[in-house]
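Which chain is which? They are A, B and C, in the order written, and residues in each are numbered from 1.
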Amino acid sequence: MLEVSGLSVSYGPVAALSEVSFKAEEGSITAVLGANGAGKTTLLRALTGLAPVKSGSARWASNELIGRRTEELVRLGVAHVPEGRGVVTELTVEENLRLGALWRKRQPDFRQLIERTYDLFPPLAERRSRPAATLSGGERQMLVIARALVARPQLLLLDEPSLGLAPLVTLELMRTVKELSRRDGLTLLLVEQNATSALSIADAAVVLSIGRVVITGDPKTLAADDQLRHSYLGF
Amino acid sequence: MTLFIDLTLNGLTYGLIYAAVALGLVLIWRATRVINFAQGALATLTTYVAATLLDRSLNYWVAFAVALAAGLIFGALTERVFMRPLYGKPELNPVVVTIGLLILVESVAGAIWGSTDRGLTPAFSQLGLTVGHTYLDFSSFDIFILVSVLVLMGLMLVLFRWTSLGLKMRASAFAPEVARLLGVRVGRLLTVGWALATFAGALAGVLVAPLLLLSPNMMDPVLVYGFAAAVLGGLDSPVGALVGGVLTGLGISYIGGYLGSSMETVGAAVLLVVVLSIRPEGLFAAAKARRV
Amino acid sequence: MSRADRLPGAERLKGLQGQPLAWHIALGIVAAAVLYLVTSSVSLYDNTIISEIAWYAIAIAGLSVLTGVSGQISLGHGAFMAVGAYGAGLMMEHFRLPLIVPILVGIAVATVLGAVVGLPATRLRGPYLAGVTLALALAAQDLPTKFSSLFNGDTGIIVNQATPPGGVNPERWLAWISLFGAIVTMIVLANFMKSRYGRALKAVRDDDIAAQASGLNPNRMRVLAFALAAGTAGLSGGLFALWSGIVNPNSFSLFLSIQLLAGMVIGGAGSLVGAWWGALALVYVPQWTNSVTSHFSSVSAITANVQGAIFGLLIIVVMMAAPTGIQGWLSGGYRRLRRGRSRTELEPVLPLDLDLSSTSTAPERTRP
């Protein structure tokens, strides 16, 4: 289980997160929602040592995540797909994928892992030796998610995977995400602008507003509650 | 005609030395956006180490290996001690620190070994070879220079293209945050990068010393031409370093041979301005990433 | 910005601040008066030192405006000094003219060359431009040898001391001339930084496209900055010629260019006051190290190199301990003392394009 409690982050005098607390069950999908600037990205970055945490804790399995160095986290089973531009454009598609497997000293099943990932995202297989710079936006999103999977995480943090994708592709993507979570028992934190599609696959939801948690609960109720949708999600 | 051949061979020899220096500069620029002006001075230091061992009549190859190893160590130390505290500070600062280091290291070398020129025993004969009936201004040692720099380039290519270490280094250079999220210890790899870059410089140092005579500021002009070569090739491109080095070497050799040696620097400056006016980011400027 | 507005009686002068030129001239006159008293009371030797500080400060100030305001970097500033020195020196050698004429000619030639070099600068960024200016510095050293008949090769040209009006010592006279040049330079540069052009340059440095959109021509601005910095170096070179009495290629080695750059960063890039700190460091640190080492060691290899070692070390230490240079460090301390006042009086000492990306959203190309 992921248990975040009292997490605060500030950039200089600007508080980006204040006392954020919530829990996410193992093997579940938690949608993290909120308007622009609500602190969603900051939350994920705080969990992986990329944002300056002021106080609070985040326990995953039996480990404390806060205070660790970013490069250690993948060894605790945490993978973070950052918002936008996470592809290393100077490398080929395959090199990007290999990067995901590198943290393990010995990688006996590495080839197999990559092939399995290609099965999951066929367009990547066709483009494996192309520079990632030549991929389309959607292909890039596939690549960063695929790369995170190659790292074999138990906790996957996805920051706006649907950014810039067509609605149909987004739907497809959400299905894949759901499938992954079910198949591998992945725990997912899914940050999304596209609340409808995120809520459709989520088991739980956390809504942030100006750095605070304003709602936690069942995604179905949330999707149904027009008032809440209006005031925090803007649709 | 023989003049032309001699100039070409000579230009190639120096060109590959410039290429080794340029490669060192490119490796560091790619990873840390710093031009390491101390590279030449550090190479002088490692060459003095080799010279001291040779004076103790050690085997040439032992001295050669120790100099290169010293390059690795000095590079790593420079990154750890001087560069690491400066990442994230104004861009100019680390560059100026390398200039300070250049002055410091050359002075220390002068204090230890004196400022007068001295020779360095070459690995092979420096007498020109005779091919058929023509005597060439090109020696066995020059061949050794060509071969060793090409071997260095080959090894770097293998390292970067086909090993995990190389992949990690490229990832750390291009996208440090992403690399860290995937478990790459970026800080450590920066140290490795500086070590390798200084290694390349150290090779250039022991190779060029028999040609130029060893003195504390022996590497100053070599560094400047190496920098010109790196700029010419495109600072992000190791291949550019090789091509830029060869072009610079040939260009200077022809200018010096046909127009007189005092025109070398002027010619090099003009060449650089002309090429950069046409391609402002060097010949092998990285293709701009597709914006999505 | 100016120190004077912190002085008690300065309130009244504040009205002048609306007109930078008038304000800067007023400051200049005060400075001139103070400096007149100083030069008259110190020894002739010290007057020579003052001249040296002045020509260093002039060159560094120009470089500082170039780097700090426009974000461009020149590793070959010594070359522009050489042009000014040779220009002025040759005029003095061949024609009998009032001193001001050869100096102005030196400035003019350096400015023109600066504009020519500034042309590629319009397209080049960061280290690419540094590479060009570095090559230029080397070439400048070899040209006099190539055109030996004009420049008298490695020997160089002899420059006669400026003849002072009756009764004044030549050293003192030179100190006055140099300080006058320095004050004029500071006024011009300070005014330039405040002017429409100076602000435009900052805009260009910060954002090319935004600057363009607001009707500025970034390329023309860059050429202008380069020409201005080169012209200042030309003046510095002319004064150097008078000061040293001889102009030869050795005076303008690459080391001079590096010294100027180091002086600029030690003082604080983008700050005119910083230029003086830099000049003081360039003049006094070697003197001081020389006198200290002569006490401790007589091995010539060591004494000959201690100066360089300390200079190198000083550069490293300042850069690591006070990343914005001496002036940045001082004004930072001043600001800390005055924390709480709403108006920040001090212009930040400008680092080169601060790497904003390293903390913000773009994950690519950031440094750890």
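We adopt the following convention: contacts are C-beta pairs under 8 Å (C-beta built on N, C-alpha and C of every residue); 3 or more make two chains touch, one makes a residue touch a chain.
Nothing here was measured: the structure is a model prediction, and the numbers come from that model.
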Between B-C and A-B, more C-beta pairs in contact link B-C
Relative to the centroid of every protein C-alpha atom displayed, which chain's own C-alpha centroid is closest?
B
From the C-alpha centre of chain A to that of chain C, how far is it in Å?
52
When the centre of a chain is set as the mean of its C-alpha atoms, what distance in Å lies between chain B and chain C?
31
For chain A and chain B, what's the span in angstrom between their mean Cα positions?
43
Residues of chain A touching at least two other chains
82, 86, 88-89
Touching two or more other chains, which residues of chain B qualify?
174-175, 177-178, 180, 186
Listed in rising order, chain C residues that touch 2 or more other chains are 363-364
Touching residues of chain A toward chain B in the complex: what are they?
48, 50, 69-75, 79-80, 82, 86, 88-91, 95, 98-100, 102-103, 133-137, 140, 147, 151, 164
Chain B touches which residues of chain C in the complex?
67, 73, 120, 123-128, 130-132, 134-136, 138-139, 141-143, 145-146, 254, 258, 261-262, 265, 269, 301-302, 304-309, 311-316, 319-320, 323-324, 351-355, 358, 363-368
Note which residues of chain B are touching chain A in the complex, please.
164, 167-168, 170-171, 174-175, 177-186, 286-287, 289-290, 292
Within the complex, which stretch of chain B touches chain C?
29, 32-33, 35, 82, 85-94, 96-97, 99-108, 110-115, 174-178, 180, 186-187, 190, 216, 220-221, 224, 227-228, 230-231, 235, 260, 262-266, 268-269, 272-273, 276-277, 280-282
